[in-house]
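The block underneath contains the structure these notes are about, expressed in structure tokens.
Letters A, B, C and D name the chains as they come in the text, with residue numbers starting at 1 for each one.
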Amino acid sequence: MSLSLLFVQTLNGLQFGVLLFLIAAGLTLVFGVMDFINLAHGVQYMLGAYLAVMFYALTGNFLVALVLALAAALVFGLLLEFVVFRHLYERDHLEQVIATFGIIMFLNQGVKVVWGAAPLSLPIPEMLSGTIVLMPGILYPVWRLVIIGSGLGVGLILYLLVTQTRVGMLVRAGATNARIVSALGVDIRRLFMIVFGFGTMLAAFAGVMIAPILSVEPGMGDGVLILAFVVIVIGGIGSMRGAFIAALLIGLVDTLGRSFAIDILRLVMPPSPARTVGPAIASMLIYVLMALVLYFRPAGLFPVRGR
Amino acid sequence: MVKVLMTSVAAVALLIGQAQAQEKLKIGVVTTLSGPAAVLGQQLRNGLQLAIKNSDGKLGGREVQLIVEDDELKPDVAVSKAKALIDRDKVDFVVGPIFSNILVAIMKPVTDGGAILISPNAGTSNFAGKDCNANFFVTSYQNDQNHEVMGKYAQDAGMKKVFIMAPNYPAGKDSLAGFKRFFKGELADEVYVPLGQLDYSAELSKIAAASPDAVFVFLPGGMGVNFVKQFRQAGLADKVKFLSAFTVDESTLPAQKEAALGFFGGANWAPNLDNPQNKKFVADYEKEYNAVPATYAFQSYDAALLIDGALKATKGNTADKDALRAAMMKAPFTSLRGAFKFNTNHYPIQDFYQVKVAARADGKFQTEIDKKVFANYADPYAKDCPMK
Amino acid sequence: MADPVLQLTNLRKSFGGLVVTDGVTLDIGAGELHAVIGPNGAGKTTLINQISGLLAPDDGAIVFNGTNVTALPSNKRAELGLARSFQITSVLPKFSALENVALAVQARSGSSYKFAGAAAREAELNDPAFAALEEVGLSTRADVLAAHLSHGEKRALELAIALAMQPKLLLLDEPMAGTGHEEGARLVGVLQRLKGRFSMLLVEHDMNAVFALADRISVLTYGRILASGAPAAVRADPAVVTAYLGDELE
Amino acid sequence: MTDTTLIAPQRKPHALELAPVFIFLVLALAPVAAAFGPETYLLGLFTRVMVFAIAALALDFICGYGGLVSFGHAAFVGIGAYSVGILSAHGVTDILISLPVALAASAIFAYLTGTVCLRTKSVYFIMITLAFGQMVYFVAGSLAPYGGDDGMTLQVRSTLLGFQPFKNDRVFYYAVLLFLLAAYLACRAIVASRFGRVFRGAKENPVRMATIGYDVFKYQRIAYVIAGMIGGLAGFLLANVVEFVSPAYMSWQRSGELIIMVLFGGIGTLYGAIVGAAAFLLLEDGLGSITENWKLIFGPMLVLIVLFARGGVVGLIERLTGRAGRG
């Protein structure tokens, strides 16, 4: 358990956390402002990845594929909003859950029909595909640093948007009390569409950025969706700051847990059981964390309003 | 009068003949067609369908009706579907499944129901050993064997230090146990990751820090795709030899592509295995499904050949199970892998190879035979099997 | 004077920097109807919430019937005999009026850990509940879902629920709020009849009602008790007149 | 279903109030029909339907009447199933031991997690129950002696004092039917009881309930334990139906499916959960045999149900039989 390994693992945790933040940000916005549980947020992440693969195959250029994928994801997201979701805002949470679960089923299977069940992949752009020497003997893939950088960048942009712009002001107000916003005479429907479209793009962006590292396959959004929910619940629903901090927290706890759980257990038990118990505990860690946070703070770390 | 009689006899004979010909041979398939693992399940189904198509829709002279069920990778769903095959469809054979946990779940309902279960992939150690079953045949391998191939290879190549990793589930533990059975050098570390883990950054950092001669991993499906890409991205591919089982094969290579070039696996077959029947199979499969077949497809193709050969020997009779089993035991078919026979536990005795990922002229990727590691290799569990 | 039913000593509560209860000391004698009046935002509902246990005071003590209840949760205070109505109607909308009251009867009579037998058919619960409804003039509406009652009827239902608890002290948070003239007058009549049977703390904006009902009045401004005493004395208090009553009483 | 003592039931019973009678009648007669078809398969399928109906029933009890949406309900099914599996691995197969153990284990788990979960509300409750569900899932997957992630086969179905009454599929079917009936009647009685009234009141207005003297938390926790035990019962039976125990029983997807069953049938009706479980599993089975892409049909169906058929199947029937807009 050397210091340099700890450093690298922290970086890995950061990268995972940033990815979770990109997905959770949209989820917490949609949930916070519209009081809408969108389980289909995960398939929008998956769709981003698939679209990028498709556009890359057509154009051969990562950047162009990225832009096209985001645009296509946005169009698709708005279409979904128009056809289905906007009829669900006034419904109770359970109905939202079941309807968006139906969308997940449909899109997971649809993707399989269109692109096949086999995993696909997206290459890293040539100039960013190498590794750099972080410290003697420790190489680190440039692309992972790019993910960290772009995630932090998006976080900064979001912060500026939310704190400095009129739409951002409305979003904050909406997360605190939606009735006030509509009382201000704002076209709530348009605000919702903007927020929803934005959330969709963020999820798709996460999908595109991670596609070169992970295999692009049907159902890739399901696990991430649950983690994103863990993040926004720990952070406090509707809180962008909460989502950011919780995402990094989850990323670090999960990564560091996986790396060091066994080593730590070996201190107190023989190596063989430690090896099997360790991964189980590591998998559980984030859920334990969530349960603890909610036990002491039943509305998350940064509660936005008393729900 | 005589003429009339003659024609009616002929007509009756014709009718009987038709009735016999019309009674179709029903084969049930339990395979995974939902979720990411569907790619393996589809290969299984495709292999069977191809074999049946190549023999004009007939096996052992009987018209075949294939009934495909998706187990959704849920044991209780699989059991329900298996019962449906046995009871509703009255199938004579069930071919499947892909995953060991599904095999364990459907074993009892299928074999108790009187059908013969042929596994074209999963081959757990319990069914090879003390729980072996007269109505259960395996056309793949015993689960440990491909891992043992790699262990033997690492040992023979004189490797000093190997980092080994597998998912934290029974097959994962069997895998590393299989590798360690033959590799006696130092283990840099033995790591179990949660099943379905996607990001290996933590483990890759550990590998880089340990700088072993080789890694051995068992990461099937999407896990392998991710690991291989990330392994390459981390710049480890040039420094550390990549040994694996079920991690780089034709089901994952379309996504891994160049990232897997030169990586090793252990297998009982490869698409370039040099014999005429295999050449035809690979060509047919690629033509039919526009993809390179993997072991799952070839093993289920062999399962169909096994049924075909056995039924030819029993003249299409499936009612006499003893005769049918005896016929199957003789393995009366020309396997795509060449030499093949059944051990007493109904698991194969066969050759195993070290295979290597290579790019083909047409831009696709496949594994190719690098070296034969075991000849006529039988699994060690057979001695615990009461069947003789 | 006999021991007071409720005694508040130097109660303090602030939200962030805003002090809403600023050293309130107050007592209510047995059978007394004590009214608390004050302008909007004076901290009247906050005070009631602290007494009923929905809010914890920052400092000070609440003694109810000789028991210090400052740290008890609201259900415990209810068990001790403290009942309240809410300023914003707070009934169970999908329960009938009778069931709303029967729940209150059930709370103080016997066990609620009965898992069999239809509660709706227990005369032991329904009879007292019906009596309470009669008391507030709702007996004809017993089987109507609370959600379908008129606003005034809901206010009366609130009162019936509180009565059914047979409390030692009734906390009434603006029982007349939002009712029409006629309904309001009816509620005053109901309270008139209840007066003397229960100790009551009444928060109300309707000054006519307050001066008609109260034995004692405390005036609350900015979280402080400005004046306290008999209605006539309070009415004459110059500080009260300038601070609050002046414009309303003219 | 608001009963009152004061109005005698003068009106004719509506068709829908006979629905539970009808449902149980159909279930009781189903084996007769099954005898004319592939009996083992049909009996197995319907037994599985009833087992999931029991689990969904428990969920509807806390969800529909208490407003406690649990996203970890499959954990109880898993705990019940593993109680059977683990005991049977040690040679204990008698129902008189394994059933009480299954119930006790799920009750203890429900009590402990309920103590923590019930501090939170609405979505936070959904997520914290998910968290505990996931924890149990990972624990089960790491139980190497009991098959770990692969699960384990039961050698025999549960026995009773040395006899094997469950070995016969038909006997087993009726045993499960009895359990379902008992669970349904128990839930119905509890909902109408004094306790149930408090529990329902806590869903509508917890603050009001506290100010009239109820410690809402305690009542909710008891209801949560009851639902957990019924879930454990379902798990006990599921292990016997499939003769196999696996962590897959308690994945979060399974918890989600249970919620769908409840909503599918119509929340807050109890018998709707039975209808929902049947509809879900039979559709899964039926559509699955038509096309492997059955989810392409099933997914949009869920959306359409929410958009156009509020109240699930029961709500739909209610509207078709002209009782719209009541209560």
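Going forward, a residue touches a chain if its C-beta (ideal position, glycine included) is under 8 Å from a C-beta of that chain, and two chains touch if they have at least 3 such contacts.
A quick note: this is a predicted structure, and the numbers were derived from the prediction, not measured.
Among the remaining chains, those touching chain B and also chain C are D.
Taking the CA centroid of chain D as reference, the farthest chain centroid is that of C. Between the Cα centres of chain C and chain D there is a gap of 43 Å.
Chain centres here are Cα means. That of chain A falls 32 Å from that of chain D.
Distance between chain centres (mean CA atoms), chain B to chain D: 37 Å.
The distance from the centre of chain A to the centre of chain C, each centre being the mean of the chain's C-alpha atoms, comes to 49 Å. For chain A, the set of residues touching two or more other chains reads 112, 276, 279-280, 283.
For chain C, the set of residues touching two or more other chains is empty. Annotation for chain D: residues touching 2 or more other chains are 138, 141-142, 144, 295. Applying the touch definition to every pair of chains gives A-B, A-D, B-D, C-D.
Of all the residues in chain D, the ones that touch chain B in their complex are 37-42, 44-45, 48, 138, 141-142, 144, 147-153, 238, 241-244, 246, 248-249, 284-285, 288-289, 292, 295. Considering their complex, residues 2-7, 189-190, 192-198, 200-201, 204-205, 207-216, 219, 222, 327 of chain D touch chain C. Residues 52-54, 73-76, 78-79, 83-84, 86, 90-96, 98-99, 102-104, 106-108, 111-123, 125-126, 142-143, 145, 161, 165 of chain C are the ones touching chain D in the complex. Of all residues in chain A, only 31, 37, 84, 87-88, 91, 93-99, 101-110, 112-113, 222, 226, 229-230, 233, 237, 276-277, 279-280, 283-284, 287-288, 290-291, 294-295, 298-300, 307 touch chain D in the complex they form. Interface residues of chain A, counted against chain B in their complex, comprise 2, 4-5, 8-9, 12, 15-16, 112, 116-121, 124, 129-131, 137-141, 143-144, 212-220, 223, 255-256, 258-259, 262, 275-276, 278-280, 282-283.
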